[in-house]
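We call the chains A, B, C, D, E and F, going by the order they appear; numbering starts again at 1 in every chain.
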Amino acid sequence: MSQLTHFDDSGASRMVDVGGKAETDRVARASAVVRMGGDTLNLIRDRKLSKGDVLEVARLAGIMAAKKTADLIPLCHSLPLTSVRVEFAFCEPDCLRIEATVTVFARTGVEMEALTAVSVAALTVYDMAKAVDRGMTIERIRLEEKTGGKSGHFVRNPVASRTSD
Amino acid sequence: MSQLTHFDDSGASRMVDVGGKAETDRVARASAVVRMGGDTLNLIRDRKLSKGDVLEVARLAGIMAAKKTADLIPLCHSLPLTSVRVEFAFCEPDCLRIEATVTVFARTGVEMEALTAVSVAALTVYDMAKAVDRGMTIERIRLEEKTGGKSGHFVRNPVASRTSD
Amino acid sequence: MSQLTHFDDSGASRMVDVGGKAETDRVARASAVVRMGGDTLNLIRDRKLSKGDVLEVARLAGIMAAKKTADLIPLCHSLPLTSVRVEFAFCEPDCLRIEATVTVFARTGVEMEALTAVSVAALTVYDMAKAVDRGMTIERIRLEEKTGGKSGHFVRNPVASRTSD
Amino acid sequence: MSQLTHFDDSGASRMVDVGGKAETDRVARASAVVRMGGDTLNLIRDRKLSKGDVLEVARLAGIMAAKKTADLIPLCHSLPLTSVRVEFAFCEPDCLRIEATVTVFARTGVEMEALTAVSVAALTVYDMAKAVDRGMTIERIRLEEKTGGKSGHFVRNPVASRTSD
Amino acid sequence: MSQLTHFDDSGASRMVDVGGKAETDRVARASAVVRMGGDTLNLIRDRKLSKGDVLEVARLAGIMAAKKTADLIPLCHSLPLTSVRVEFAFCEPDCLRIEATVTVFARTGVEMEALTAVSVAALTVYDMAKAVDRGMTIERIRLEEKTGGKSGHFVRNPVASRTSD
Amino acid sequence: MSQLTHFDDSGASRMVDVGGKAETDRVARASAVVRMGGDTLNLIRDRKLSKGDVLEVARLAGIMAAKKTADLIPLCHSLPLTSVRVEFAFCEPDCLRIEATVTVFARTGVEMEALTAVSVAALTVYDMAKAVDRGMTIERIRLEEKTGGKSGHFVRNPVASRTSD
C-alpha cells in the first residue's frame, strides 16, 4: 500500500512538492446529497419558481468556496481555477443532489476544490432552511470523476460503489 | 409552515436582523462520518500511534474553519466564538466519526459553525488519505444538539432520525 | 476644523481607540448608482423576470463584502454586524440604484460597511454585464443616513447635496 | 446582443470556463473620483506635504484589494497579478482622481482588479476623512483602457463618454 | 508546572473555552527589532524624510495583521479589537525597533495580536528593503507588557530579561 | 546603492512589475529561533513524545501562513507555491530552531513566504506555551538561502553573519 504523501519519513506534515509534475488540463467532479423533509423540499423548489432562490445562494457559496479551498484544507496547493460549475437536481420526495465540476491547467488536481464546492453549497442549503427543518442531513459527499495527471482517469463505479444513493 | 427567514417579502436574500435578540450562552454540537476502506482506516489509526497524525491535521482544519464560517456561508453572522472542540472516534471496520462542539455568548446560534467544523475536518481527512483511497465518502453531516436562544433545546432523536448511522 | 483622527500627533496612522465609547445600536444606509446602456438595463431586468438573476448575485456579493470591510479598509474595526440588507431599484432608462442598510450594536458605526456593500454590489453588476457593456460607470457612492453614536443623526440633505442624481 | 456569459442556458450562475483561452499579457486601467469639500481637499493635500498621508494609506488599500478581487466578486477568476499601481491627482477645487493600472499574464483580463483597486482606495479616503466631511461622494468609477485578449483594445472615448468628469 | 492549556487530557488540540471568563479591558504591548546594514537604515530613515515611506507601509501591514491574528494562529479566538498602534524608533547605527499596542474589551487577552502586529510589520520592512540588504534579520520579538484578565499585570523585567537588546 | 524598488520615482508605493521576468524554479529557505525556559522546552519536547504536539500545530500554522503571504505583506505578489516544508530542531537547553523551505515556479522569489512561515510557526509556539512561559522570545528570523531568478544564489555566510546563533 502506498504512503500518506502529506507526511515525510519523520511523520512531519508538508505541502507535497508538485514542482516536478507537468502542467496539464485537469477536471474533477464531485457530488453531495442533502436529505430533508418533503415539506422543506417543496418550499425550496417552489421558492425557486416564484421568488427567493435558496439554490442560487447555495450555488454562489459553492463557487466561492472552491476558490478558498487552499485556505481551508491545510496542505492543499493554491490553484488558478479555470472554471467552476455547481448544479442541483431534486431527487424526490426528500433529497437534493448537488454536483460541482471544477477545471484547471496545473500541476495537481482539483478534487478538493470540487468536494469543497459541494460541501459548502450543501451547508448553505442547510443554513437557509434550518429555521424550518433542523433535522436535515448532508449525505454522501464523494468524488465522481477525475481526469488529468499521472494517476489517470478515475470514475466511481456506480455498481461496486461502497455507498449507494 | 414558517418562512425561509433569509428572504424578505420580495424574495430578496438578506442577513437576518438579530439586533433585537438577547445575548445568551449558546452551544451547538454536530457530527459527520467518513466512510473508507479498512486498510485506509488502519493506516490512519496506526499513523496516529506512531508518527504523522492525519487526525490532528483534520482537527486543526476543523477548528480554523469554524472561525471562517461567516466567510463561507453567505448570510451567516460573524460571531466571537468562545470555544471550539473537534473529536474523533473510529467506528470500525470502515468509518471515522467526527464531532464538533462550538460555544458562544451571542445573539444567534452556532449550528453552522459546528457543521462547518465537521465538514472541513472530514474534507481534510479525505485530502490526506486520497492518494490511497479515492473512493472514501463523507456521510451524514448533521446537527446533534443545540442549546440557547429562543428556539430552545434541540436534540436529535436517535430513534426517529431520518438517517441512521 | 477637526483633525483626521486616523493619524496621531506625529502623523502615524492608527486604528482609533474606541474602547471608551459606549456600545449602542447603530445603523448606516448608503447608496450607489450604476449607469449603463438601455439595452443592458433591459437585459438585467428581463433576466430577473425569467432566469439568471444578476441582481441576486450582486446582492450576495454586497452582503458578504460588508462582513469583510475591516479586511479591506486598513484602519476599520472588526464589528459583529447584526443585519445587512441590499436593495435595488431601476431608475430608467439607464440606471440602477443600489442601497444597503447595515446595523450593529457596537462602539463605532457602520458607514464603511454600508458603503463597502453598495460598492461591491455595483462592481459585481459591472462584472456580470461587462461582456455586453464595457462603458458602464458606477456613480455617486454616498452615505445616506447614519444613526447612533456621539456624532448623532446624519441625513443627507437632498436639496443641498453636492452631487445630485 | 451577446449573452450574459456568467449564466448558462438554464440561468445558473457559473465561473466561466477560460481553459480554452490563450495566456497573454493583459493590462487594465480604471479610475474613480472622490468629490469632497474644499477644506477636506486642503487637509488631505497638506497632510501629504507634512505628516500623516491619507493617500498613501488609500494607495496600499487599493493595491491589497486588487489581490482580493476574486474573493469579493463571486464569479471572478483568481489571477497571479504581475503588477498593480495606484495613482492620485487633485482636480481642484473639490475632487481627487484615483487611477489604477493592473497587469497580468493570464487567460482572462484584469478589469475587475483595476476597478476594485480604485473603489477600495476611494472608500479608504472616505474612511480617513469622514470625521471631517461625511458628505463626500465617490463618483464615476469606470474602466479607462484594456488591452490583451480576444476582445481587443478598449479605450474609453472621452468625447462620447456617457458620464463626463 | 501548569498545563499546556491548548490540549485536553487526551492530547487533542482545542480552542480553549473562555466562556466563563469576565469581559474586561485588556492591553498588550509587544516589540521586535530589525537589524540591518547602516546604509539600509540611512536609506529607510531618509526616505521617510523625503518621499516613499517604508515605515508607513510596515505600520499599516502590522495594524491589518493584528486584525487577522485569529486567521493565522490556529487556536486563537477572534476578538473585536478596540485599538491598534504600531510605532517605530531607530536604534542607530543598525537597528529599527517596532512596538505595537493593542487593546480590547473581551474575555481573553491580545498578546498574540500585538506580537503578530510587530512580526508582520518587521517582515514588511524586510520585504521593502530586501533588494538592497538580504542579510537583515528580525530579532527579539517579545511581549513587553500585558494588563487585564485573571493572570494580572505582566511587565518584562528589563534586568533579568533572558534576551537583552 | 540600488533603489528601494517598491517605490516609484515620486515615492509612491507599488507592486513591482514582474511581467518581464522569466518563470524559473525558485527556492527559499528561512529560519527562526524561539528562546524559552528549560522547563518549557522539556514540556514541548515531552508532549511530542506522548500526546499533544505543539510542533505539529506550529508546523501547520507555518505552512498555511506561507499561502497567505500576499495577503499579509502589502506589496507581495500572489504565487502558486509548489511546496512548503517546516522543520524543527531543539537547540538545548533553551531554544527551538524552525526552518522553512518554499519552492515555486514563477517570475519572482519566495523569500517572504519562507520568512512568513517561520514567523507564524514561531508565534504559534508562543501562543501554545504562553500560559507557562510569557517570557519566551522569538529571535533571529532570517533568510538562509535563495536560488533562482536574476539575483542569483544567496547563501548566508555563517562566519561573517551579523547575527550569530
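Operating definition for what follows: a contact is a pair of C-beta atoms (placed from the backbone, for glycine too) under 8 Å apart; a residue touches a chain by one contact, two chains touch by 3 or more.
Remember, it's a predicted structure, so these values are computed and weren't measured experimentally.
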item: Third chains touching both chain F and chain B; value: A, E
item: Contact-graph distance - origin chain B, target chain E; value: 1
item: Reference chain A; chain at largest CA-centroid distance; value: E
item: Furthest chain, CA centroid comparison against chain C; value: F
item: Selected pair, greater C-beta contact count between D-E and A-F; value: A-F
item: Duplicate of the B-F contact set - from C-D, A-C or B-E, the pair where over half of the pairs recur; value: A-C
item: Type of chain C:chain D copy interface by residue overlap (half), same or different; value: same
item: Whole-Å gap separating chain E and chain F, where each centre is the average of the chain's CA atoms; value: 16
item: Distance from chain D to chain A - Cα centre to Cα centre, in angstrom; value: 32
item: Between chain F and chain C, distance of the C-alpha-averaged centres to the nearest whole Å; value: 38
item: Residues within chain B bordering two or more other chains; value: 12-13, 53, 56-57, 60, 64, 68, 71, 74-75, 78, 80
item: Contacting chain pairs - touch in the sense defined above; value: A-B, A-C, A-D, A-F, B-C, B-E, B-F, C-D, C-E, D-E, D-F, E-F
item: For the chain A and chain F complex, residues of the former touching the latter; value: 8, 12-19, 70-71, 74-75, 77-80, 106-107
item: Interface residues, chain D side, partner chain E - complex; value: 53, 56-57, 60, 64
item: In the complex, chain F residues that touch chain A; value: 25, 56, 59-60, 63-64, 66-68, 78, 80-87, 103-105
item: Of all residues in chain A, those that touch chain B in their complex; value: 1-7, 10-13, 32, 35, 37, 39, 43-44, 47, 50-54, 57, 60-61, 64-65, 68, 71-76, 94, 111-112, 115-116, 119-120, 122-124, 126-132, 134-143, 146, 154, 156, 161-163
